[in-house]
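Letters A, B, C, D and E mark the chains as written, and numbering starts fresh at 1 in each.
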């Protein structure tokens, strides 16, 4: 049953890197936040993956089941998801305000406009 | 969407079941997947849907921003308050045994019910507040 | 069977993520981000994390998509064309990625029931929660009681975000409210 | 008043005077009276300590422990006593002079000048009385900070630039080297207290001792050892009383005083002379003496020439310390006194010439002896004292220094000293000679001295040069107690 | 009873007060309430420190579940000290807050502002007190999200971009930390720090452990604005409202440094981090480069808040340098500087805040002649500035002394020399401000009053503290020494 091996982890890591790259390299402020979300979601996947027990079931007690997947990562990730959406909503609120103040949400144009303003 | 008849009617009929579902998720969290957080999001979705159908102003008439703001705070207070109650009863913070020292699991049930309710209230209120904040703004260009 | 589904889903997610990252149309990107979240919710279900899946579906596919679309309608739909590739960012990402991959080499195999994670703390939750808390959903027990304090923190985070958004954008909706 | 109270009072008095001086800025007479009273009181307090110190007592005052082994504390030993006496005594004289100068020269912001002058004196007294290197360091830095507004007094572009050089060199040397040396010493010995015979004996290898000595010698930027001497000529943009008291007496002497203290009480002369660990410093000092003198010869601006002369003369004292024998210490310490009197006279004269005739360049000063006979005569006496010709005070210190060099078998040093005296003659004596014998090139006729408030102080210090030669015993007796065990 | 619950009360009191502020709404009332809470926290934190010094480590099982199954609060000398520091700053700043917030924040937002302020305070305290790795992350996010909000409230539109930039960097840092914690959890199955410290050594040879540590470290270095990951800090400090700048500068990075100490020394242990991974070989040069680069940048700034922000980056370098020495003296220096720098930087930012209130600008060019126009404020600036330089009898000197001593103990005198010479750069940037304020004449003769008394109280309490703790070093140095001994596992 361990045939998947480390593939799951590797896939998570590739996803993380795509998210990370989007977050740091893309100049669009919304795109950065999307990248951040991808990054976070893939970290969630990593956590959940490590909690999986082959042949286990969801950690809801039931008759005749003796193998459960690890509930602790689930709890942690529930918290992390909430943190993620909180960050995203605050970030988007900032983007809206920046868009109003600068009339653009591209990083390089914002920098240009600030320089001109000085 | 205000003038499109069919979606309007369909959506209107949807709101009540959504609210019910939210309540189910809220209180069924002990047995199956779900809990305060998910319920809060679903509850907020109902309000959002209402606002989309009848307009933001109508939604604000029912769910007053002032009340939303109060609820945002109340949820956290309910959660932390539960913890403080156990503190005052001589137990550690958030030790739900304090709520029924003779029957520990029962105390736990009660405690979990209360804190999940706190989570649900705050999440729903925050989601509504965020939606109102975004929807209340107009595109400037 | 699950393994194949696993691999297919993950590969699909990678493709989607790349597409989201490269896409110029931000509306499309937001929608595809919703699909991405949805796929990850399915992944979570496959990995027995039903609560997480439920939440991810509600939050990732629901709330964040709505928020993203809302933001885009208030700002702009199109991302500017990026001319240059950011070599430094690529380097950072490659280093981070290789470090992570390097780290996996000593990891317990995926799904291994003998991995340390399953041996130490979690076993107690599974064994004793029925007696101590008497709630079938262990996730709820851990969330609200064993680690209830983290959840208080989580509610506070949401509360903080709410206060933040109201502070940053809310004065307008309150002004309308007064009229 | 007990000894420890007197120490604290003498340091606090100028500080207490500051607000009163500041508050009376609109009434110059009042302000200057207060300054004078403060100066006299301070000097009185310092001198009240003299008898007990002469008897070998060492009054002390402990203020506070800052860190284990680091305390803010004072203790008077003979060298510090001498330094304090000079600084506070000449403050009175300089105040009188400054009144005449500042008014005669119509300087602006006179109040600020008097306030920070008092501040600097307090800091100098703190340096003099410091019981340990830590306390000394604190007051050393306060002295730098408090003299900065004086150096930049004119607020002109030039003054600001000079201020930056001043702060830059003094701060960077003290923070970069002196502090490092201190921390290192503390790390080796666990203390920074000045102790007879030093605290480093047996605690540090020879190599470390050499490095430490270097850190202390160059870290004390106020001693103007080359190559860290640039601040002294730069500081000459300040009003002349500042140059006179601070840059001929208090500040620079605080520098060489520090080196003396370090050599005697931290290293111990035996440690240094035993293995010749300070020989390199002798050479550096000798180099500074010669080069300083040579540069002085090229300067036409009188104050600049005097500044380079000071650089050169300060190294006499460093040289005395570096010889690390009793005679060297005696000669160096004596030179602190004699040079103070000689150089302050010269600066007073330079200021007087500026006030009366508005001249700064030496080449313009031909024949001014007829207009300013008192001033130029005093200048002559000061020059002779600096050169070291009897019957003037400088002769004593030079004599002891040469004897010390010979005793230490440092014949090169002895040669440098003699050579330097010759150079002194060449750059100092022509000024009074031309003043008296050359034909006048200016249009002033008849007697045209600076105000009496200027002439009196400079005459007083000139007479001091003479008196110190004839009657050096009190000073010598006091200095012979240096390095003695603390009772 | 209260005595037993001190650790949790310290966090829950401000946490509960934040939503209460929302309910109170009335702005003066909210301010008074928030002040009361901060003062109460200060009281609790002092009691906690006293108890820890008397009794040693205090553990508190939240929810009655003992660690590692439940979340544990674990207070020892180190975090009791940090907790005290944060609550001192928060409480002292409340005086300053009333006039300053009234000036910079629109009246309707006051109650939410104080809510966010209390949340930020709660978050920072929660990070410092917890003994659970994941709980660190949760409270880190509370403090971060509230700081993003607070920073964005600055009047300049650049406050928004600064906040956004911080949000991206901060979230990346936090996510790195989460990855690190996740990998640690993966290898040990526990999240409790004490439990981790016992179980990790068995995993030291694995590559996963090394990667886990690497991610954790990078995440923390971003959060504490270590050079070259400091880019978010200058803008954030520059455009935030005065109160926020002072608060964050004094507390946020300090708490992050505490987290770094906790993870490297307590959880992983100095042996693994510094002997096996040789982190010091990376930390020391980076700190030194950071000190120089940031100080040089500070010299060229034309905005005083920005100048001070760069100086903060440099000062973080000093703290990390002390930590990098991995000796009792070095850690003492680092921890003492953590405390001291908080005091002086807060004092500096407060005096800037006073000037901003009257001048409306923190541009150097607008500060001409300020020495005459606002002598009291400038006096505080100069005193705190002297402390930043490290002049004797100020706190700055004490920390510098220990840092240099630590370098010399190791025999690394070039490092000692470099560290000393770097403080000359501080002389230059502080002196630039002094020169403009005292030696240049104001462009216009308009009358400028001193800042309101309330603001001056905060400013002078902190300035006084920089002098007091520069002379009376018993408390700070002793506690720091005990903390250092604890971190290295030796009793001094």
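Keep in mind that, in the parts below, contacts are C-beta pairs under 8 Å (C-beta built on N, C-alpha and C of every residue); 3 or more make two chains touch, one makes a residue touch a chain.
Note that the structure is predicted; figures quoted are calculated from it, not measured.
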Shared chain contacts [chain B and chain D, defined touch]: E
Required minimum of steps from chain A to chain D, each step between chains that touch: 2
Chain with minimal offset from the mean of all protein Cα atoms: E
Farthest-lying chain, centroid of Cα atoms versus that of chain C: D
Far-end chain from chain A, centres as C-alpha averages: D
Interface ranked first by C-beta contact pairs: A-C
Intercentroid distance (Cα basis), chain E paired with chain A, Å: 28
Geometric centre distance via CA averages, chain E-chain C, whole Å: 30
Gap in Å, rounded to a whole number, between the CA centres of chain C and chain B: 21
Centroid spacing, where centroids are CA-atom means, of chain C and chain D in whole angstrom: 73
Interface hub residues of chain C, defined as touching at least two other chains: 50-51, 55, 59, 63, 67, 70-71, 74-75, 100, 104, 107-108, 115, 117-118, 121-122, 125, 136-137, 139, 141, 143, 145, 147-154, 156-161, 163-166, 168-169, 174
Overlap residues in chain B, where contacts from two or more other chains coincide: 31-33, 37, 69, 72-73, 76, 80, 83, 93-94, 96, 123, 130, 133-134, 137
Which pairs of chains touch, using the document's own definition: A-B, A-C, A-E, B-C, B-E, C-E, D-E
Chain E partner contacts - residues on chain B that touch it in the complex: 69-70, 72-74, 76-77, 80-81, 83-84, 87, 90-97
Chain B - residues contacting chain A, complex: 31-33, 37, 123, 130, 133-134, 137, 140-141
Complex interface listing, chain E residues touching chain D: 390-393, 398, 400-401, 404-405, 408-409, 413, 416-417, 420-421, 423-424, 427, 431, 435, 439, 470-473, 477
Chain C-facing residues of chain B, complex: 29-35, 37-38, 41-42, 44-45, 48, 57, 60, 64-66, 69, 72-73, 75-76, 79-80, 83, 93-94, 96, 104-105, 108-109, 111-112, 115-116, 118-119, 122-123, 125-127, 129-139
Chain E to chain A touching residues, read off their complex: 134, 137-138, 141, 145, 148-149, 152, 157-158, 160-161, 163-164, 167-168, 171-172, 175, 178-179, 182, 185-186, 191
